[in-house]
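Labels for the chains are A, B, C, D, E and F, by order of writing; each one numbers its residues from 1.
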Amino acid sequence: MNPEITLLTNSITMIWLVLTAALVFFMQAGFAMVEIGLTRAKSASNIIMKNLMDFAVGAIIYWAVGWAIMYGGLKEFFLMPDIPGKGALFQSWMFQVVFAATAATIVSGAMAERTKFTAYLVYSLFISGLIYPVSGHWIWGDGWLSRLGFHDFAGSTVVHSVGGWAALTGAMILGARKGKYVKVGQEVAVKAIPGHNMPLAALGVFILWFGWYGFNAGSTLDGTSSYIALVAVNTTLAGAAGAIGAMITSWFLFGKPDPSMSLNGALAGLVGITAGCLVASTTGAVIIGFIAGIIVVFSVRFIDHVLHIDDPVGAVSVHGICGVWGTLAVGLFATGRREGVTDIRGLFYGGGWHQLIVQFIGVAVVFFWVVATTVVLYMGLKWVTGLRVSEEDELLGLDISEHNAESYYGFQIFQNQ
Amino acid sequence: MKLIIAYIQPQKLNSVKQELYREEVYKMSITNALGCGQQKGYKKSYRGVDIEVNLLKKVRIEIAVNDNFVERTVEAIIRGARTGEIGDGKIFILNIEETIRIRNGDRGGIAIG
Amino acid sequence: MNPEITLLTNSITMIWLVLTAALVFFMQAGFAMVEIGLTRAKSASNIIMKNLMDFAVGAIIYWAVGWAIMYGGLKEFFLMPDIPGKGALFQSWMFQVVFAATAATIVSGAMAERTKFTAYLVYSLFISGLIYPVSGHWIWGDGWLSRLGFHDFAGSTVVHSVGGWAALTGAMILGARKGKYVKVGQEVAVKAIPGHNMPLAALGVFILWFGWYGFNAGSTLDGTSSYIALVAVNTTLAGAAGAIGAMITSWFLFGKPDPSMSLNGALAGLVGITAGCLVASTTGAVIIGFIAGIIVVFSVRFIDHVLHIDDPVGAVSVHGICGVWGTLAVGLFATGRREGVTDIRGLFYGGGWHQLIVQFIGVAVVFFWVVATTVVLYMGLKWVTGLRVSEEDELLGLDISEHNAESYYGFQIFQNQ
Amino acid sequence: MNPEITLLTNSITMIWLVLTAALVFFMQAGFAMVEIGLTRAKSASNIIMKNLMDFAVGAIIYWAVGWAIMYGGLKEFFLMPDIPGKGALFQSWMFQVVFAATAATIVSGAMAERTKFTAYLVYSLFISGLIYPVSGHWIWGDGWLSRLGFHDFAGSTVVHSVGGWAALTGAMILGARKGKYVKVGQEVAVKAIPGHNMPLAALGVFILWFGWYGFNAGSTLDGTSSYIALVAVNTTLAGAAGAIGAMITSWFLFGKPDPSMSLNGALAGLVGITAGCLVASTTGAVIIGFIAGIIVVFSVRFIDHVLHIDDPVGAVSVHGICGVWGTLAVGLFATGRREGVTDIRGLFYGGGWHQLIVQFIGVAVVFFWVVATTVVLYMGLKWVTGLRVSEEDELLGLDISEHNAESYYGFQIFQNQ
Amino acid sequence: MKLIIAYIQPQKLNSVKQELYREEVYKMSITNALGCGQQKGYKKSYRGVDIEVNLLKKVRIEIAVNDNFVERTVEAIIRGARTGEIGDGKIFILNIEETIRIRNGDRGGIAIG
Amino acid sequence: MKLIIAYIQPQKLNSVKQELYREEVYKMSITNALGCGQQKGYKKSYRGVDIEVNLLKKVRIEIAVNDNFVERTVEAIIRGARTGEIGDGKIFILNIEETIRIRNGDRGGIAIG
């Protein structure tokens, strides 16, 4: 090809990936705002620190080792050597590091208001430096799952489920916040610990949705792909359908349309379409998103009321469970009509069971990998540094106990738990 | 000198103030309170978990008055706050032994107004 | 043309439109924050729900029918059929759906704190599925107004006035919030119901301004247009001049420079330049923006003090009135020097009265269309589901009465209205 | 070159610069949120007004005269004349105006909670219309410092130090907020005046970081540069390392990891890499950022505890001091391997002392220029309009005294200073 | 009639309420307070400057009761609030001269409940 | 035993506390209040509509003391809070019939400190 054309093609892809990476970076703000909004005022600064630091620590370790494990091979630790003309390498790293950071930060919400800050720092090192890169390598780094035909376009499993399962084991091993599940005789009474700032939570969801255009559409990894717009459309429709699905479900179950559940529903729809945003039709996207919105409400309820696992922001349901749904949905809704990119075809489009089974294998493998490694990690942390703050510190709030800080100085806040 | 403590519905504060002004009671202090009484609370829920709210928002008014002002003050509060519904509130009257105006050290009945 | 060149040209336009569409999507967050900030704490969650759901419901209905009415024709309901190579269709839909959602969400602010949530959902269906697409078709869908020569580059009328007039009829038919206008004898005393969170309102305005670069510059619909930068410059200057205009006007009228009016002024300048951002010179943009900033203060005052219509965020003034001003300004300030795109020329640039008259016709037609249809819609809703919550529910706040929710759990908030 | 290729190349650069300019614009929201968060509730609306108006006033004056001084020459006052085909001019202005606005808004934080609003407006005119454009011309406008070989890729000195030094003189001449430094006998006791909204401050930092991708990567000024991704990677790593550096330093000095310092650290790392984001290697970026994070904590402490200058947000340390560090770091860490763009090579890469000395000259010149001009400006303002509000007004809060406004209506806020 | 004012730790509010309900005391009013007592505060810092916090968050409960209810109310509060640690709080008992129910004008002991 | 209730300007809290400490009065409880008195309010406006603010922010201090401490406490408050301007505030003194320390059940004068 003409070298000028090649240069332009590369340039388009470079600005596309840098801009979409910036959008995905911005999702960090979204996660922070959602988590702050859905927890208590006395933990807000701790949440800020966790969200800032899982990115900071994660970026450094992903530069040092994570990237090399996932894509680069041994000679690319620290992105070495620094030779010119590595634009393509840097553009890939830039786009990938923000995905690693997304997986890492998902966990923060589920472990909110009771995790030791030092333990969280160590956790961040391991998820971004090892756990995420290994399973990421299998699926996106030309590893065995990708060769099996497993399709996860933008990371319902690679990113979201990894975060979701690490959140699940974390919340289980930590135990619930004091006062969340109260033993009354034989029964366990489930109590609400309401979030303190719905406007910030909503802002966070809008920021996440905004960033998701980078997350999904950027995952074409090619600025000249003609499927970019389709991906964006599917993302939009699934998020919208997810919000509606959760709103209706919460209305039905609780008698009124619930704001924080509807917000979760939008995220659920977005997580749900992440794997299939390229291969689904727009109708498929609407259905996938809508079902994700229904699932998330039932899942939150099940985890809270039946399993009694305290996940303040619903991270396990949104990212773990809906990540699974989205990944499996590829095996159902792939249209088989993405000429030039992929020819996978799902059950509903006459592709038979094959793809669904492959998707299931990927889901299961990642589940076991993450559960196994994170259980070891958290149990190790429990043993070495301690995983959870003391009861008095939890009562006082992590802002004061972990950081000597207060988040809303001067505001009168009434808190009896 | 008496200390009149009244708990009223927040939305009645403006009309109580107007009635008090009409009686030439211009001095008072107000705080936020949460009240628990005969008035039924309401049910809130958060992410599908019900929350029984039985501490309802009230406004607490404190007015120090000389003895001859007590009745008209009480009447004014009642006029401003009454709807006839449960939750209208209560008035408690306590004895004040001494009142001091910080600005100039005035004591007693003269310091009240 | 060389097919490689065609591919690159199309690619540039595709990433341009997807990225600018994402920016316009983000304006949803801006609208939500402005509305939350300028109303009371007891309604914040309801506002979140409205802003989330008008986008969600709007996107689905615009996919199902709105797009087909506005641009696509009958065979494009649900964006059917799903054939490959429809990149251009998806890219157009993606860019257009966020405009439809903008028109829809403008109304939310004017109807805040007293509208039934179910009624609002139905309203969302109709504005995005029917009212906006029809007038949009006339102007942007190659309909009769566009053929008449009506010029509205990025939607001062198509988007903002449509939202503004729907806001006007909505606020009128609903009536004011309790306590806003108090009859004292023969007189009506106008009371302030202050917004509870200025930082969020300001954040919202900054987000809107940020998104406006997508809104206006993206409306070139062509990533290789050499006018993109000019549009962005005009947008910047008009927003700046609008803020200054409103600040000075409020200073003059009220004795001090008013924050929420200055914020409204920036938006007014941006709405004002939206129609003419391509055809105006930079000097024109400054003048248009500055005048919009003056207009918005007088308009807010007139609507509040004279008409006694309760519009908590000033939506009618910002979007309706300044939308008109911006549309007419095209007939005054079009330079006639946009070779290759348009040759319209306004009164001040020697183009005579023609364009101004055409602009006026467009403004009037849209006014009547929107007023007529929304009056029918709201009256119908009043009759079927009820449009307004009960007085007790309003007093309690819509967060609790419509959603069983509390937005700032634990914060001590003093509210006696 | 083939005209079609030229057109595409220009188009890529145009959309690149307009999109990155929009990102830099959004940093205004970041600055506003950081400043609001780190000050008291009673000043929030005043801060909103300052941040809105320094942009508005700055954009208009930069259009009228600033641009002509910095780049354009006499015939480009008001961007005149309005001839077609000036896409390149508009794209440059658009990208530059947001940089001018950044320099201007940095000062706001250091002068928070006590500056007269009218004085601040006048200040805005001078910094964006004169002070910034002149030193900017020397370095970026092909002036004498650029010809000397001074390298400041995206503005550690041109933008951040200029803002930082103007902040320093401003905070000094204004004096501290009442109650910040209390004389107890011979000693001066340093008091904390805690910020009232950490979540907003954190949001602001995330927004700034997001915008920084536009700030640094956009500064290639060329959408087809193959170094765009490298710049983005260096930006990411330096911000991350800065946050870690400040966290560790604060942990060491204060006993616990401090949230607002860690947030400052991220910004310090970003400011630090701004000059050298093109010429440093990724390892260099990590080191530069980490050191910036350490510096910022010591600098904040020194300015507060030793110099007793009241800088509520740490603007002098973050932008002034770390701007110097970043500029000098170019003379240390430039790899000399940026073929086709620049061949500067720092001390650590065998380039000797030359570049470091040149960098030092630039730093010193800008320091003296800004200190001299701003001292004259502020003293003049003190004399003409007064620079500081009265003591009662400060106690009441600038929201009420300057704007008759309240930022959090209804919230119970306890404030005894 | 007596006015019982109790300052307790915020986290004890729920258990105090439960003990009061058990004694059939259903009416009370609650406000936020900051308390200064024997309980040591803690140290906060902001940007490296220490802040001595010696005003600690407390909950203030006001309960008006008839004289025969005083002891059981006090006992209930103590049962609900005591941990044996410094900072548990105080109860003050004041005399009320008159109580009025705003809703219907009831006065005296009958208006309390 | 007396209950001293003082309303002061918020910005005087620190100096009042210092004066109290000097008199060895270490125990007190503080709440936010809004006060209406002789002090003129100020005018705020919102979007061009004026708002008359006549409820001004005050701090309410409650101190329970034994009878022999009343005068020095009152004097300390006055020293800390007086500026001589309208709005300085008021002090009210009420009788306390009983004081109980929750921690150990102490009653009477000994429970106050």
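Going forward, contacts are C-beta pairs under 8 Å (C-beta built on N, C-alpha and C of every residue); 3 or more make two chains touch, one makes a residue touch a chain.
Since the model is a prediction, treat every value here as computed from it, not as a measurement.
Following the contact convention of this document, A, F is the list of chains adjacent to both chain B and chain C.
Counting only chains that touch, the fewest steps needed to get from chain A to chain C is 1. Once the centre of each chain is set as its mean CA position, chain B and chain F turn out to be 18 Å apart.
For this pair, chain D with chain E, the centres built from the Cα atoms lie 51 Å apart. A separation of 33 Å divides the Cα centre of chain C from that of chain D. Counting only residues that touch two or more partner chains, chain A has 5, 8, 12, 15, 19, 194-195, 197, 203, 254-256, 258, 260, 404-406, 409, 411-412, 414-415. For chain B, the set of residues that touch two or more other chains comprises 31-32, 34, 45-46, 94-95. Every pair of chains meeting the contact definition is listed here: A-B, A-C, A-D, A-E, B-C, B-E, B-F, C-D, C-F, D-E, D-F, E-F.
Every residue of chain D that touches chain E in the complex is listed here, in rising order: 190-195, 250, 253-256, 258, 260-261, 297, 300-301, 304-305, 314, 414.
Here chain B touches chain A in the complex through residues 34, 45-51, going by the rule given at the top. Interface residues of chain C, counted against chain B in their complex, comprise 395-396, 400, 404-406, 409, 412, 414-417.
Residue ranges on chain F touching chain D, taken from their complex, read 10-14, 32, 42-46, 57, 59.
Interface residues of chain E, counted against chain B in their complex, comprise 3, 17, 26-32, 62, 64, 94-105, 111.
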